[in-house]
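What follows is a structure written as structure tokens; I'll ask about it next.
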Amino acid sequence: MAAVKETVDQVKQIDVDQYKYGFVTDIESEKAPLGLNEDVIRFISAKKHEPEWMLEWRLDAYRRWLTMEEPTWAKLDYPKPKFNEIYYYSAPKVAEGPKSLDEVDPELLKTYAKLGIPLQEQEILAGVTEENRQYSKVAVDAVFDSVSVATTFKEELKKAGVIFCSISEAIREHPELVKKYLASVVPVSDNFYATLNSAVFTDGSFVYVPEGVRCPMELSTYFRINEQNTGQFERTLIIADKGSYVSYLEGCTAPQRDENQLHAAVVELIALEDAEIKYSTVQNWYPGDSEGKGGIYNFVTKRGDCREKNAKISWTQVETGSAITWKYPSCILRGDNSTGEFYSIAISNGYQQIDSGTKMIHLGKNTSSRIISKGISAGRSNNTYRGLVSAHKKAANARNFTQCDSLLIGDQCGAHTVPYVESKSASAIFEHEATTSKISDDQMFYCQARGIGEEEAVALIVNGFVKDVIQQLPMEFAVEAQKLINISLEGSVG
Amino acid sequence: MLEIKNLHAEVEGNKILRGINLTINPGEIHAIMGPNGSGKSTLSYVLAGKEDYEITEGEILFNGENVLEMEIDERAAAGLFLAMQYPIEIPGVANMTFLKTALNAQRVARGEGELKTPDFMKKVKELSAKLNVTQEMLRRPLNVGFSGGEKKRNEILQMALLEPKLCILDETDSGLDIDALRIVSEGVNALKSPERSMLVITHYQRLLNYIVPDVVHVMYKGQIVKTGDKSLALELEEKGYAEFTGEVAA
Amino acid sequence: MTTPAIKTAADKALASLIESAKGALPGNESFASLRSAAASAFEENGLPTRRVEEWKYSDLKKAMPADLALAQPVDSALAKQQLSGADIIKAVETCRLVLVNGIYSAELSDLADLGDAISVRSVAEALQAGEFQLDDPAIAQGDIALSLNTALLQDGVIVEIAAGAEIDKPLEIRHIMIGGGMATVRNRVVIGKGSKVGVIETFTGDEAAYQLNTAIDYRVADDAKLNVLRIINEGDNGLHLGSTTATVGGHVHFEHFTLSASGKFVRSQSFVAMLGEYSDADLFGASLVNGSRHSDITLKMDHAVPNCNSKEQYRTVLDDKAVGVFQGQIIVRQYAQKTDAKMMSQALLLSEDASFNNKPELEIYADDVVCGHGATCGELDEDLLFYLRARGISKDLAKKMLVMAFLAEAIENVSDDRFVEALEAYILDRLGLAD
């Protein structure tokens, strides 16, 4: 009950359409010329000190992108982004790449402190004593607009053999790994937004966990869009070599602005034999105001490849932000006995539109997957689960269980479920269940009859509704996520 | 009638049966007792031909024929009947349809020709009355919504109708109250004959008060560790399995 | 006449058939303008590619032949001969309306017991008189099969059931295809207020390659009870594009069962609009698909008003290299509070080469609803098979029994015992289980 109490207190403090992370950091920045052409791509590549092959790769992607059209199949209604009115590169003006945290602009450190993201290793260490261990250690890569401003605990990770750095650095320092794995899960011309990302991606994280290593701490990246009219195109690549394990967290926020901003990311995960990757996201981009003005367009391609046998990839997402969300974290279950999981909470309020879900592609024998999706729609929002489960001919004994539940709060919103279940393997067993309902009057009455207020009762019931997914999140994130869920639903009752 | 020689069986690499030797002559009633996990049910499934088990060694002869080379339904037609511990529910197949299909399939396999519907109905009615199987139970889908007792009575009804040569009763007493146990036992006893043998698998001695065995075997870790007459069952009841397995009961 | 959308041989064949058939098709001027609008819509879009969401799993461009001609009228002696072979519901006595190659034949129909409460008229005749209006429910609008149906419509029957009538004998609308070619039919059944009636639609054909585009429109007035049984028993080379539209009034009980049993390529689609409160609609179906057949069941259930219930339950059995498709969509509009809608689609795959595509969809805009769907697919349960075989039943027979049992669970939803009997008889016969 403590969490509920906290939730209610928090909800009370906040005005209806107040977005906690809506402030702007006043910092001088350096931008690419407005719009997109080959020169802008050359500019980005030069800024990143990239080798020639990378520039060619980008230009190739750009040329392909010019021939592509925006997808329209999702249940989303929005004016098309004007791709020539966006800055594709924006970076805080600092002396070339800070060598250590001491060199990071204090304004930036303040920003992250305000966002609750610890970048000071000392602080984190100081706060932890063996007797009173509140937070476990988390290594953070902080991406501010187009560049990574800091990555913590690099040294400690290095001792374990784990590479955790910005993708820009990886391209320079570990080209053999990047060349081998980049675009090996999401091909350059996979889809309109992935191709755009391939041409203009600016930063993001790179993780390589060597054979047999269990990554000693949680890794995380914190994405922040600050600058006006700026798109963020991050690229993340995580490789878990044979028998390794890594848990990775991602969080995102942006200032409150009247115009829509574009975020088009690509995340690729590769799990080799017996390896496991756990990827958690709390997405809290600015959702727009109560009139539906502003907010982030979030077009994300996330895909994991269980490339060898016994590999496991698990996606957990809490989606509360963004005006438009188009996102389907997927698993390719190529290796025999590999496992894919997708746990999702998607909450839409105001005028938000979410079209999200997953794909579980069963290619190998004895592969199994599990999908738990909880959608909550309130206000005038629309929330769609779209998912594909498929078994190819050779996927003998493939198993999938899918549970999609939607909750509607109010009669101005929509909740939709669009599953595709395709089986070409007789021995595959797929089960799919979905329900749509509102918070039952009986449940509300019961809570209220026990003296629980209306708003608190909703919070209580919603917390119960999403519990299966919250449990999948790492501890620190779970608490954050729970608070976030309740704030997102603020003002939805009555 | 039945000869099991040095039978070894495993499932997914786990050895369950480790050299079973057992001979049952016509007209005899044998009981196999043993703690949970001793392999009793596995033996019954292996006899009936369930495909999950791999026979790694040994042979089973039924009236001189090699059972391991026979299909599941061929074994049934040859007169081998397994009354299952957990009779399965089959929605959509009416009990009556099932009984008729099974009986006629066996008769045809034995070259006896199908039974005419009126004759079949007469037979089912007679037998079901004795076993307290109602008309409604015959109309309902096979075992669907049946209570534990109803399922077991329905197993015995099938046994009575199919007139097998060897009846294997796998934990038939589990989940039965005293009245149901009596009805089921009476049904079984009515089938006793000099040509028909029975193998009664049970955890408790209770059932053997009703179905009196000629021979009692104690099974442990996939082997028969002791064989005796019916007094062995009473001895077991008194002393527990530990006496025979060399382990102390938990 | 060749637009960018008219690309494949099938597109071209259809476009030229539409063009050449123009003069020969019935209808007054105003209907002719509807036809030409449908024809231009076709020219603009062609047959749907697999990128068109509704046709994602059924490739009409591939299924339609490269040469097309209208089916020829059939000599009535020959038709009579075929008629008895087309009786696939012997168990049920019916009043019978017969359409041969898409043309209504009063001569072959058996209307002896029709009574005063039912009137029958040919669509071709009504079209000529300008007395046949097309107004599909909103949810069916823009559908390509219906649009093609308008462009090429030849004939059909208009059946009106008087208010309050209780029709004892079900009415059978029997479609027979003989000698190949394309036929286009649209029927309409108007169910008067408070009446009770059973309708059976049957579809049979010979071995020739043919294409039947058939549509039926049910208009169900308040308080009525309508039971429909639809048996698709097309020939091995037959292509069946069937559409059912239904507009349902208040306090209605509407029950609809589709059995997709044969035909090379079958698409059976339903569009049901719930327009009156306190009504129930139950859409059930079973599909038996083998060989290299393709069977697609697509349905859209539109809950536009409050307080209605709908159930959608379908079962599909796939063998050999068959392909099965189920696409079901439940839409609950903003004002349709207190809707209770449940959809379930289950498939059984008997062969390694068979495949099934399942897409049960919910689109919900009202909050006080209870909606759900489920989908499963898998193979026969080994434990069930073991139990049957342990009682002496051969593997082959045991499999058939389990297939029958799987389908029986779909059939047991049907409330009219005569329909149940007809369905069971048909499937038992098909599986070789009949006595």
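Just so it is clear, A, B and C label the chains in written order, and each chain counts residues from 1 on its own.
The definition used in the following text is that a residue touches a chain if its C-beta (ideal position, glycine included) is under 8 Å from a C-beta of that chain, and two chains touch if they have at least 3 such contacts.
Because the structure is predicted, anything quoted here is derived from the model rather than measured.
Trainee: Under the touch criterion given at the top, what is the topological distance in steps from chain A to chain B?
Mentor: 2
Trainee: If you average the CA coordinates per chain, which chain's centre is most distant from that of chain A?
Mentor: Relative to chain A, the chain whose C-alpha centre sits farthest away is B.
Trainee: For the chain pairs B-C and A-C, which is connected through the larger number of C-beta pairs in contact?
Mentor: The comparison resolves to A-C.
Trainee: How many angstrom lie between the centres of chain A and chain B, each centre taken as the mean Cα position?
Mentor: Centre-to-centre distance between chain A and chain B: 58 Å.
Trainee: Using the average of all C-alpha atoms in each chain as its centre, how far is it in Å between chain A and chain C?
Mentor: Here the centre of chain C sits 44 Å away from the centre of chain A.
Trainee: With centres defined as the mean C-alpha position, give me the chain B-chain C separation in Å.
Mentor: 49
Trainee: Report the residues of chain C in contact with chain A in the complex, numbered from low to high.
Mentor: Residue positions touching the partner: 53, 334, 337, 347, 349-379.
Trainee: Which residues, counting only chain C, touch chain B once they are in their complex?
Mentor: Those in contact with chain B are residues 382-384, 386-395, 397-398, 401-402, 404-409, 412.
Trainee: Provide the residue numbers of chain B that touch chain C in the complex, in ascending order.
Mentor: The contact residues of chain B facing chain C are 48-52, 71-73, 75-77, 81-82, 84, 87-88, 90-93, 98, 101-103, 105-106, 109, 141, 158, 162.
Trainee: Using the touch definition up top, name the residues of chain A that touch chain C in the complex.
Mentor: 73, 393, 406, 408-438
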